[in-house]
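Down below are the structures I want you to see.
After this come two complexes, each holding chain A, first together with chain B and then together with chain C.
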Partner chain A sequence: MIGHDIFVPAPLLVVSIGIMVMLAATAWRRSVGRGFLCATGMLLLAITVVGHHTGKVPDGGDSLFVQDRWTACTAILIMFSTLCIMLMSWRDAGVTREDEYPLLLMLGTLGALAMVFSANYMPFFLGLEILGVSIMGLVTFGHRAVPGHEAAMKYLILSGVSSAILLFGIGLAYGVTGSLRFMPPIAAGAVPAALPVAATIMILAGMFFKLSAVPFHMWLPDVMEGAPVPVAAFVAVVSKIAIFSALVRYFGTQNQPPFLDDILCGVIILTIMGGNLMALRQAGFIRLMAYSSIAHMGYLLIAFVCPGRLQSGVVSVYLAAYTVNTLGVFAAMDAFAIPGGPDGRVVAQWKGAFSSRPFLASVMSLMLLSLAGIPPGIGFFAKFGIAAAGVEHQRDLLLCFLIIGSIIGLYYYLNIVRTMMAAPALPSVKLNRQMRPELTVLVIVLSMIVVIGGLFPARAIHPFLPPPVAPSGTGDGATH
Partner chain B sequence: MNPLPVLVLLPIMGGGLAWGAGRMWPRASPSMRDASWWVVLATLVVETLVLAMATFSHRAHAGPWPGHFAMPWIPAMGIAVRLDMDGLSLSLIWLSLILCFLCVLLATRQATAHAGAFRFLFLATLTGVIGTFLATDLFVFFFFWELMLVPMAGLIAAWGHEDRQRAAMKFFMFTQGSGLVMLLSILGLVITHYRQTGVLTFDYFTLAHTSLSPTGAMLLMLGFFIAFAVKLPVVPVHVWLPDAHTQAPTAASVLLAGILLKTGGYGMIRFNVMLFPDAAARFAPIAMGLGVAGILYGAWLSSAQDDVKRLIAYSSISHMGFVLLGIFAGSRMGMLGAVMQMLAHGLGTAALFLIAGAIQDRLHTRDMHRIGGLWAAMPRLSSAGLFFAMAALGMPGLGNFTGEFLVLLATWRISPLLATLAATGLVLAAIYALRMVNRIFLAAPQADTRPVTDLPSWQMAVFACVMAFLVLLGLYPQPFMIFSAPLPLPATAMAGPGGTTP
Partner chain C sequence: MHALALLAACVTVVGAIMVITRRVAVHAVLYLVVTLLALATVLVMLGASFAAMLEIIIYAGAIMVLFVFVIMMLNLGQPDSAREKEWLRPRAWLGPGVLATIVCAELLYCTSPLSGAAPVPAAITVHDVGADLFGRYVLVVELVSYLLLAGLVSAFYIGRNRAGGR
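And now, the complex of A and B:
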């Protein structure tokens, strides 16, 4: 195959070139600001070319990559999140002069994009590992050296185990089908029927680990707590979107086979209840957000197991709502931090925030209420959509747990708002507040997206999901 | 210009202006009216004018009821902003506005800190309530239903009394949790309709013609009932109410008791009884039993309270029991009685909360052990208190009596036993009302009473208007009964403007 014939989605190329340019620039003269500028520019360029690709779409579906509305939707979400996270960490990284930081963020984004665009096990696994390795590097950044290293180590080991399981599953699938195409293996010929099932379950387990669904969730709170705030946001948002996107691509949007369906339902119930119940007793804000993000992945999976007319719009709206709200929470947390003062990573530090920092407290309340599914935030419509998809598919049990989980979730979100409303413990000391205009802008933009998206969600509902794959499995290539 | 969307949006926009005005021109001295107060008053006056226009003008439109407004919102899911107005919603909106005027005129003392934010939340609650009363798209209804919680909980949590945050939390959790059950019911109804006709719509009038199996109808009706029962409140799920009412600032107590409870009653009439008439009829014995239990339990607990606001809160539970009884009595008379009871209770209880708030402002306590013999010191306030206590116990000639009498009459036809038990509640009502009057106004004055100022005469004049209205409701209820009766559903389904076919 000749180079210019290879089908590669343009964002992957742009981001890769951006990384190389950044590496070259680093070799010439180290500068954090230039690294951030270059990364931001390349991301903006990649967003504009998200629908384009090089080469021509190969016939027969034996390509490495795929490009359709679903990839466009999730790729834009991923790159938008990375942009927001860049803005969040601009000042901190500038102070500590860590010019590897934007590079690692870009590498992580490249990995996430590769997972989103992959139509083959190879780019998927490569993307997964690139993302994992760069997250491990990112987690150790910042001044709090010890917990960062511990969290990175924990992530490295657990992520390695899960990658091994995933790889074993991929190997089995290859053994069954003789192809590396990114879809569940179907038994053919003299292969024992248990083999494809085992392969599917192993791959699913690996994906659940990255998605931090409940029996595989233990790493997420520790890693997020050990990481700097923007990196925690990266772990909570970018890697989740990428793996969920790949999950949908892999299993398709049709009805799942019964054994898979039972496993998914069990995992969803465990995830919703586990995430919410463990979030209840958290004093650390980041740990609480980690558990709440676990619960939100559970809600999102409900939409995944309810194929039907509503599913497509619902999933994209929920993913967008989760992204914007989580980014908003972390951006507000980042803006709350004062050098030498409280860093906002413990809920108790937010006590009396409504009187000391009213703007941040209002934004934080809006984001938390939206996460809890209260209007006028976009989270309200997102949760409504999930419930609608569940009712359409008559998933009564899952709906019960959706309600129970939402009520528990409401309690811990409201608890934070209540803490912010309480009278401040100490007379507010005048700390030298750093002006961070880029964070203020980011927070305002995210709040506007949340409110406008909540009031006029009609624009966001498009059938973004790939169409259900026919059982014969003929190419769901570029339907762009 | 269609008045209905203006009615919904005007309060929250006025609230935003009031907030801005409060920030730009903070109040110079505590006794002066500030700019934001005038903005609120102007908003309410304009709102009243718009409402009067909606009441008296008749426009040609496509809706089945006197007022109609439709605009697509989320066409992909068949959701449109549909607002319709019949006599029931109209009279409840009038009630809301009257109570808001009372709050603005009489209950301004407590919100001294961040008055602008307080007024914004206050008017935002009003937007949620009016939206709830007008929406005939189930999604829009649910949206407003949830929307009115947030500012209300904010009012309680930020400006309430000692234990305010726990109370706000409880209020929020109960209402939101039950709201989610209602959401499932709404979706169940919509999806059933979609399966039958292939039209995905949330339109109330279209969905009313969905044919349901008896079990399905019962399940869906119960989902709605749970949400409304929490708001009304019905006895086993009333737990949030005493705390929320007691801890809320006066204006929020008035809104809570006067209007927010009525959204529960409104929902039961509009959705339980009118959407699922058969299931509601089958469920009626249980609902009426719960209603009687509420009447007796609320009145019993009310007579054991020492806290004035708590006493009034429990009396609300008792009065709302009559509303539940009337709604499910299955006759037009019972329904009218329930509506009359809602109107009269809204006015009377709001006035009682205002008086309790005025007492608390002056004496800094709500404990009846420490309040006593106010008659000598504050004759005007005491006489107003006496009047509204009489209204609460169901004195003939006042509004509550009309409602209770009609409800009892309607209940007697179905079950004399229930009617007798409910009538016992009136005896208990006399006990708690007279006990309150005796201890606060008539008992020997407390030794440590400080000199207090009575109500100024213009505030007395405002109370006098409410009294006159209650007397009117009691002596000549006929026009109000005709005016505020819920209109029946049209016989044929309208073509839904936002309905989509696959």
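And now, the complex of A and C:
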């Protein structure tokens, strides 16, 4: 057998083994708690082995996977987010006895990791599909069966369409270059010049669909609204990190091909303005977070079109800040929910939260302010980094829209804080609150990350910064 | 050769459009069979005869039978004989029949000695496919198995949940 010389990044291997172990445990006796324990243990193990791999690193462009500090950085972010989401949903899934839940979360993580590590179209596409199919199952969990099924159906159809576009693009790229290497096709020989352009645009359209950039954003708010809160966090965080990581890997750190520049600028402006303007009118908290996540993807794309010294550092800091803040918001929302009481999915339910639930309200304010980019949080430095990258490349137009978008964002984030500060409408009823120690711990840890990352950015963040990303074709080991 | 491949591709596209516009599921299945056969013809002309065989055996054979079973089990209500008469009117057969005849004629033309020495690209054999699948791309096969697992678990959960909710 050839098992000994196959190059596999260790986290991928550990997570797949974890899934097999969970399946075996399920076959022996079905138990939600054991599934969660097993998944958590395997994820922790996978985080510790990031950066290792089996087999020898293949030379040349023939390998399926790639491993460098950029993959390590995004893989850690993905697994950290899944861990947080496991903690968030531990109690709920335990009540409803759904032991498929941790299994699907792990499968989704495996798909996201496959996308992050891929250096070839095939693992990338398969990872995308594994992630998509798992999310489709996850969206229907919980008691809210009807909106859940509707959301899952929407996701299935729209993600099928976008996968078809992506696959068509990949097919054209293969036709142009004759290789499945994960990089933009370059015209060679007798192929017409329009072919690589069409291939790149189709692949980009498929990726933007999954990233929910604005002309392709329709599915995200509906899907997130139909899903349980932890799954909404999974959709907003894990799938975004994975696809963005793949996008940066795909185009590498060089300048984008010239025909893409106008398209990218248009998409960025539309995404920032569209996400922010539509978030203004939302009364549902989850829909608001969905639109705000669209706007944040727009900011991230600014860093993506400014290749250079700053790029991968800026992108990873922003991704980390976005992940921690979004997870914090959703964790606070999950902790706010009381069985039989308000579930925190509507902004109006948070009215007077500062007097009735002061701890949660302060955490929520901290997270929202950090998302808006106000100094004590890590979000400020992330946004500052993006602005710095934009200034370095003199992207004046995009910077203008970054500022306009941030101002609009400030309005709707602060509006929630204002709602929480208002006097409670009803005299506070003592509802029987469930003690959920794991959620309290999670919320405290996330707030500490936000504050420490915001106060000491250089010391806290610098050691984790990856060097500029090498495009998958040129092998690994690009250094400063 | 080029024109023939394009013709088969056209049949595929026409068939696929007919599949999604039919109102009766059985008629859609008829067109789907023709679509798959035409697709297999395209694959043969590209030299991927093994993929074409798989296409026919798995899709046109096994999966179609599954579709027909599901349709039969879901469409209860009307008496069987009346329903089948309604489904299998000659008009319903006309379109798929014409498309299938085109594909068949094309295949016959290709295999007959009259067409001259058509330059067939070097065929991809079972050996090549197997060696690649279990050599270079063995990890991709593993990933596909996880994809199937994810689909299975999702479908199982959604199905069980819906059945319990009713």
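Going forward, the second predicted complex is superposed on the first by the 457 of 480 C-alpha atoms of A that agree within 3 Å, B and C clash if a C-alpha of one lies under 4 Å from a C-alpha of the other, contacts with A are read in each partner's own complex, and residues count from 1 in each chain.
Here, a contact is a pair of C-beta atoms (placed from the backbone, for glycine too) under 8 Å apart; a residue touches a chain by one contact, two chains touch by 3 or more.
Keep in mind the model is a prediction, meaning the values are calculated, not measured.
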| item | value |
| --- | --- |
| Fit-or-clash call for chain B and chain C when the two complexes are aligned on chain A | fit |
| Touching partner for A:S134 - first (chain B), second (chain C), both, neither | second |
| Touching partner for A:P375 - first (chain B), second (chain C), both, neither | first |
| Partner chain(s) touched by A:S16 [first = chain B, second = chain C, both, neither] | second |
| Contacts of A:G284 with chain B and chain C, given as first, second, both or neither | neither |
| Touched partner set for A:I403, first chain B, second chain C, both or neither | first |
| Which of chain B and chain C A:P342 touches, first, second, both or neither | neither |
| Touching partner for A:G51 - first (chain B), second (chain C), both, neither | neither |
| Vertex chain A, arms to chain B and chain C (CA centres, degrees, nearest 10) | 150 |
| Overlay on shared chain A, then closest C-alpha pair between chain B and chain C (Å) | 39 |
| Chain B-facing residues of chain A, complex | 309-310, 313, 354, 369, 374-376, 380, 384, 387-388, 391-392, 399, 403, 406-407, 410-411, 414-415, 417-418, 421-422, 456-458, 461 |
| In the complex with chain C, residue positions of chain A that touch it | 2, 6, 8, 16, 19, 23, 62, 64-65, 98, 100, 103-104, 107-108, 110-111, 114, 122-123, 126-127, 129-130, 133-134, 136-137, 140-141, 145, 149, 152 |
| Chain A contact footprint on chain B (complex, rising order) | 72-77, 139, 142-143, 146-147, 149-150, 157-158, 165, 168-169, 172-173, 176-177, 180-181, 183-184, 187-188, 190-191, 194, 200, 502 |
| Interface residues, chain C side, partner chain A - complex | 135-140, 142-144, 146-147, 149-151, 153-158, 161-162, 165 |
